[in-house]
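Structure record follows, encoded as structure tokens.
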Amino acid sequence: MIEAFLTNYNYFITIFLMSAGLYIVVARGNMVKKLVGVALFQSSVYLLYLSPAKILGGTPPILAEGFDVYANPLPHVLILTAIVVGVATLALGLALVVRINEAYGTIEEDEIFAEGEDLQNDAKTPRVEGEL
Amino acid sequence: MSTAALDASFNLIQQLPALQVVLPMLGSVITAMVRKGAIAWFVALAVSWSMPFVAVVLLHEVLVHGTISYAMGGWEPPLGIEYRVDAANAYVLVIVSLIGAVVMPYAKRVVDADIAQENQAWFYTMYLLCLCGLLGIVITGDAFNAFVFLEISSLATYAMIAMGRDRRALVAAYQYLIMGTVGATLYVIGVGILYVMTGTLNFADLVDRLQTVENQRPVLAALSFITVGLSLKVALFPLHKWLPNAYAYAPSMATVFLASTATKVAIYLLVRFYYSIYGPNIELSGYSAGLVLVVLSLLAMFISSFVACFQQNVERMLAYSSVAQIGYITLGISFGSKLGLTGGLVHLVNHAFMKGALFMCTGAIMLRLGSVKLDDLAGIGRRMPITMAAFTLAGLSLIGVPGTVGFVSKWYLARAAFDAGQGWLVFAIMASSLLAVVYIGRIIEVAYLREPNNITDEFAKDPPLSMMIPTGILVIACFYFGINAELTAVTAERAADAFFAYFGAAGQ
Amino acid sequence: MAETLINTILLTLLALTTIGVVRTRNLFSVVILAGIYSFLIASVMMVLDAVDVAMTEASVGAGISTVLLLSVLYLTKTHESVPIRTPLLPLFVAFGVGAMLIYGTVDLPPFGSAEQPINQHVGPDYLERSIPDTKVPNVVTTVLASYRGFDTLGETAVVFTAGIGVLMLLRRRKKKQDDEGGED
Amino acid sequence: MRLDVILRVITKLLLPFMVMFAFYVHFHGEFSPGGGFQAGVIIAAAVVFHALMFGLYPTQRMLPPWVVEMLVPLGVFIYVVVGIVTMMLGENFLGYNPLHPTKPYYGQERGIIWIEVGVLVTVASTMVAIFYAFAGRGRKP
Amino acid sequence: MMDLNGLLLFTILLPLVGALGMALFGRYPNIREGITLTTAIILLLQVINIYDYLMAGRAPEAGPFEVLPGLAIHFAVEPLGMLFALIASTLWIINSIYSIGYMRGNDESRQTQFYICFAVSLFGVMGIAFAANLFTLFLFYEVLTLATYPLVAHKANEEAKKGARLYLMLLLCTSMGLLLPAIVWTNALAGTMDFTPGGILEGNASPLVMTVLMVLFMFGIGKAALMPIHFWLPAAMVAPTPVSALLHAVAVVKAGVFTVVKVIVYIFGIDVLAANGAGDWLLYAAGFTVLVASLVAVRQDNLKKRLAYSTVSQLSYVILAAAILTPISAIGAALHIAAHAVSKITLFFAAGSIYTAAHKTEISQLNGIGWKMPITMTAFAVGAISMIGLPPTAGFLGKWFMLSSAVSADKWLAVWVIVLSTLLNTAYFLPIIYRAFLLKPDVTGDHGEAPLPILIAISATATGTVLLFLFPGVAFDLAERMVGR
């Protein structure tokens, strides 16, 4: 029983991290916090890919004499890409946050929508100046 | 090495699949290096105009010689990344690249108006990257590669939207970024589970190995993750929240381009998974997904159209109508029959035509009046006659008046509904298109039957030719393919066949 | 067994850090916790024999991301206010996804076994062919740069896109060119 | 102030080694963990380090923004060009074998080195550019 | 027969070409209206030309032009359509003359738009008349709907907008919500949509399905104004008189009943319906409409409103006749289409000329107006008599055939309906004539006759009403050919 639990421990933690990240994304109104949540959510996916690649008693996939059991390299590559994508998204998101902060003076979604800034109606709003 | 050797060794036709994606990427790099808006525009134009030729040749090759498989880096498929072109994605490639080609000439003026001087070149870079990403998603035969290009197009999209003239564009872009990233990540989770279960990422390979997987539960979970993830990108009904703001506040050019391509590509990928990859194990995907999809599509068709009727901002109105139209497409897909899928695919291209035209018109109005609020449109029917005429015609086709592409789509969907023994759906389809009458009618009435106000009097006049001609082309397409739908319909049928035949094609 | 043990411990720490991130409202501590989180996950990756990934995660997750986040906090504000909406929907979403994942993953192959499909089907081919094909012992590099080189091109393009995007949004303009955007 | 001086001196001494380490990580990537991406990040880190020590302006004098903005696309450009060259040589896109007339695996090695250079350039310059952008945002003119 | 196909296509497209011309010369009223008239005249000549070919047994045909596999635009000439085309093209000339007088007399705004939309509607009419399958019919049916919307909204004030909105929504809702599904269903059942004598549904659909389809069709064809979807007709009364004439006499409602007859004759097939009784309910629906509409008409004081309701009831005559399901009754229906066209247009012209000359809209204001506007009111009297159905006017023919067929088919309900409604017609037309000629004029306003073009037009139609009774040859011929005698 405990054995079965341990064998799937990685997956359980992965799932926990995902749920937590997603929770932050949906529940929090602070834009930076949201982005952190997204980052958590994404990085939890890394484990989902990497855990199966591990072979107990194996070594990293760098070929050398004396080793014959190597971890599966493919997931590593995929996750390398995923990490890069993640940080790229984060950077863009943060840039948006900075601009929003300059345009609205806040990074709390609640406040932005509270200040009559519902995206629905088309009340005339000052344009975003290039030099903000 | 000598040019003779080059000619000997370099076979263009063979390399087309790669070029389809590499050229836009190269173009984006060049536009980013020359920092002059005008030159960048020219580069983008050249690339965008070369794309349709590539796509059409590919489509022709496929229709004549069958599926093309292109091994990236020369590594045979399961090992390397494969570009697999069949009628289905060649069809979508043609749509996307054609729209890109039509949009480009239009872009010059609106970008000059919307985007700050020193950002224009970069804006075209973003556009080209977005194009590259979309084409990459469509053409690839590898689940993870699709994700990478999905991200390219998404990031470029966020940046483009954020360039909108209104500060709300920033918030819209941010919200889209969050939802889009979550969607993409969910997709990756799904792919990950699939990969763990089958050990491969190649579509064709997946099809084969999914047969051998005896424990189906994770596979189902994977499908549901992929569905939800992509639905976020498709803006399928309850997950459409990001779309109206994004379209309403993005720069006109971005709106035109995205409205007629982005969601389509996501739909293609979804269909690819449902029909091609899970298709053979249809007892999996067909179990209740069809029903769910029908319900969601109907909700989209009605609720979104209904909401559209109450919008004051015309671009928001059209955006909501886009959500509704996506409902039509998914409805066609949900029948699970060839006729339905064909209907969905036909509407894919038809909707691209009409929404493209409509948003081009609103873009022109935005250019002249700096606003697309309904009340500001009073009486422009006589101040911008050609623009509003185009708008009216495209609107008619959105309503689905016979003789327009909209009718062709509805006809297919209706026939598919009858063949699926669900005649009642026909009434639903027609009823929701009557809602389109309401919201298009509102605009027409204001534009033609109200007296123009002083702003309109002063500024409203038809946009330059460079914008009217592309609009005209799309409008003409709306009617030509409504009177003679042979081309679109037959191609769409072949595409539908291809979706179903993927399993068979996977072997060879 | 030792590997499993370390693995387990690290993962537990991860979970705890995450809880910290969720609960903290001071954004500085959130960022720091996120950095710790990245280091932990990097070390988990070490345990999982994904050295390249670990290196990248350490430099990117703990390095760049933290720097970016801190600079943004410097530009904006450091404390998060309490959201007004009820956390019911978020909880539902989170648990829904979690449940779906559990449903999907309990039947995944057991951890660390060599018999599962991914260690049978494509993966081994890379290990066998890397040397004869390319004479490069680091298989990750081979796959990254050659077998799936096109993914890497895409990845580079993503970085490129993000870079230009950020520049478009944040780069200061020369005073002389004023933007003509808007109504004309 | 003295502490400051010490820091700067140390930095000056340290930076070359950071860059060297970066290149080690890069070119040794075939035999040990690491590659263009990690190397790029390290180089970027070195620049950021410099900026933190000496302030943004000196760094930008050393490495002007427009250069960085040129380098960002350059990396991708190199990468794509490698692919196109392989096309010209009759192989598929990014098929490195023909890069060496006789021995395909040398071709592979060359190809890998070159595209890694591309990755390095883009990653490093992008990171620096982003850092510049954020840092430049701080000072209200 | 390439030349013949060319002829047919040219005839159908002619109004569109005219519309283009008007758009080009919109700035010069005289040229513009010259174009209108010439187009109308050429059109009539063309139609007569086609008529000769039809009589010579060489019915021209154009297409099919395939839109999709199994969905084609296809034109062919058949007697009923020929009749409709003849009526429409003839009345267009007269109506154009009248419009010129009217529009200039009340110097209306946006006249170019008016003439263009008018021409486009004629294009729609020609398409409907010569449609060879349901899809083509539907296509031009919608063209007609959309082209008439701007005409109804022409005055562009709130009332006009409201009326136009109701007009458009009602017609589109019915056509898209009921008619189109019916068409798709028919296609799904029969695999074809061509109009074929004897119908296409026999053997493909159970009586129940046929009944459902019948309901969809009959209420789907909103232009036929079968109660309770008749509201759009009174609502559309806000339009200028020439438009009302177009709606009531030339094009729209005619298109409606024409479609009804076509569907009953060529899709269901008279004999089939008579056999399985899928259409029996129609008799009651039509009868109900006839009587109720007449009753409502009696209680209207606004002249045009009264005429509108009279139209509703007269239309249901045609439907009633068709629903009797005997060849004779079908002939009666065809003849009544023609008769109602000429007489109703006369009545509307009269109303219009009263409005133009005296600016009066209510019946209670018309005391003694007959002596001030003798020509107008005489014409009005002729039209009214024809509507009541007394010789020597065209109205008599149609009613006669209906009555006799109803008797011979012993559909006594129909007989009673016709008799009763005739009385009601008398009840709402006679008082007007009585007021106009026998009551002494009230002092308000001193005015003479309407402008000359109006008078020409109105006398022309009035004479036509009588002539159609004296020489019904053409109409009769066509009607008989329709039922294949």
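The first chain written gets the first letter, and so on, giving A, B, C, D and E; residue counts start at 1 in each chain.
Here is the rule we go by: contacts are C-beta pairs under 8 Å (C-beta built on N, C-alpha and C of every residue); 3 or more make two chains touch, one makes a residue touch a chain.
Nothing here was measured: the structure is a model prediction, and the numbers come from that model.
Trainee: Common contacts of subunit A and subunit C?
Mentor: Touching subunit A as well as subunit C, we find B, D.
Trainee: Averaging the CA atoms per chain, pick out the one whose centre lands closest to the mean of every protein CA shown.
Mentor: Minimum centroid-to-centroid distance belongs to B.
Trainee: Which pairing of chains accounts for the highest number of C-beta contacts?
Mentor: Result: the chain pair A-C has the most contacts.
Trainee: Average the CA atoms of each chain to get its centre, and name the chain whose centre is farthest from that of subunit E.
Mentor: D
Trainee: For subunit B and subunit D, let me know how many angstrom lie between their CA-based centres, rounded off.
Mentor: Each chain reduced to its C-alpha mean, subunit B and subunit D end up 36 Å apart.
Trainee: Just curious, how far off is subunit E from subunit B if you go by their C-alpha centres, in Å?
Mentor: Chain centroid spacing, subunit B to subunit E, equals 45 Å.
Trainee: Just give me the whole-number Å value for how far the CA centre of subunit C lies from that of subunit E.
Mentor: Each chain's C-alpha centroid was found; their separation is 72 Å.
Trainee: Round to the nearest whole Å and give the separation of the Cα centres of subunit A and subunit E.
Mentor: The computed centroid separation for subunit A versus subunit E comes out at 68 Å.
Trainee: What positions in subunit D touch 2 or more of the other chains?
Mentor: 31-33, 37, 69, 72-73, 76, 80, 83, 93-94, 96, 123, 130, 133-134, 137
Trainee: Could you pull out the residues of subunit B that touch at least 2 other chains?
Mentor: 25, 28-29, 32, 72-73, 75, 116, 125, 144, 148, 151, 155, 158-159, 162, 165, 189, 193, 195-196
Trainee: Which subunit C residues touch at least two other chains?
Mentor: In subunit C, residues 51-52, 56, 60, 64, 68, 72, 75, 97, 101, 105-106, 108-109, 116, 118-119, 122-123, 126, 137-138, 140, 142, 144, 146, 148-155, 157-167, 169-170, 172-173, 179, 181-182 touch at least two other chains, as defined above.
Trainee: Show me, using the given definition of touch, all chain pairs that touch one another.
Mentor: Those chain pairs which touch are A-B, A-C, A-D, B-C, B-D, B-E, C-D.
Trainee: Would you tell me which residues of subunit B are touching subunit C in their complex?
Mentor: Contact set of subunit B toward subunit C: 25, 28-29, 32, 72-73, 75, 78-81, 112-119, 122-123, 125-126, 129, 132, 136, 144-145, 148-149, 151-152, 155-156, 158-159, 162-163, 165, 186, 189, 193, 195-200, 209, 215, 217-218, 220-222, 224-225, 367, 369-370, 459.
Trainee: Note which residues of subunit B are touching subunit D in the complex, please.
Mentor: 1, 6, 8-11, 15, 18, 22, 25-26, 28-30, 32-33, 35, 70-75, 125
Trainee: Using the touch definition up top, name the residues of subunit E that touch subunit B in the complex.
Mentor: For this pair, the touching residues of subunit E are 65-69, 71, 73, 135, 138-139, 142-143, 146, 150, 153, 156, 161, 165, 168-169, 172-173, 176-177, 180-181, 184-185, 187-188.
Trainee: Residue numbers of subunit C touching subunit D in their complex, please.
Mentor: 51-52, 54-56, 59-60, 63-64, 67-68, 71-72, 74-75, 132-138, 140-142, 144-146, 149-150, 152-153, 155-157, 159-160, 162-164, 166-167, 169-172
Trainee: Which subunit A residues qualify as touching subunit B in the complex?
Mentor: 18, 22, 25, 31, 34-35, 38, 41-42, 45, 48-49, 52, 75, 78, 81-82, 85, 88-89, 92-93, 96-97, 99-100, 103-104, 112, 117, 119-122, 125-128, 130
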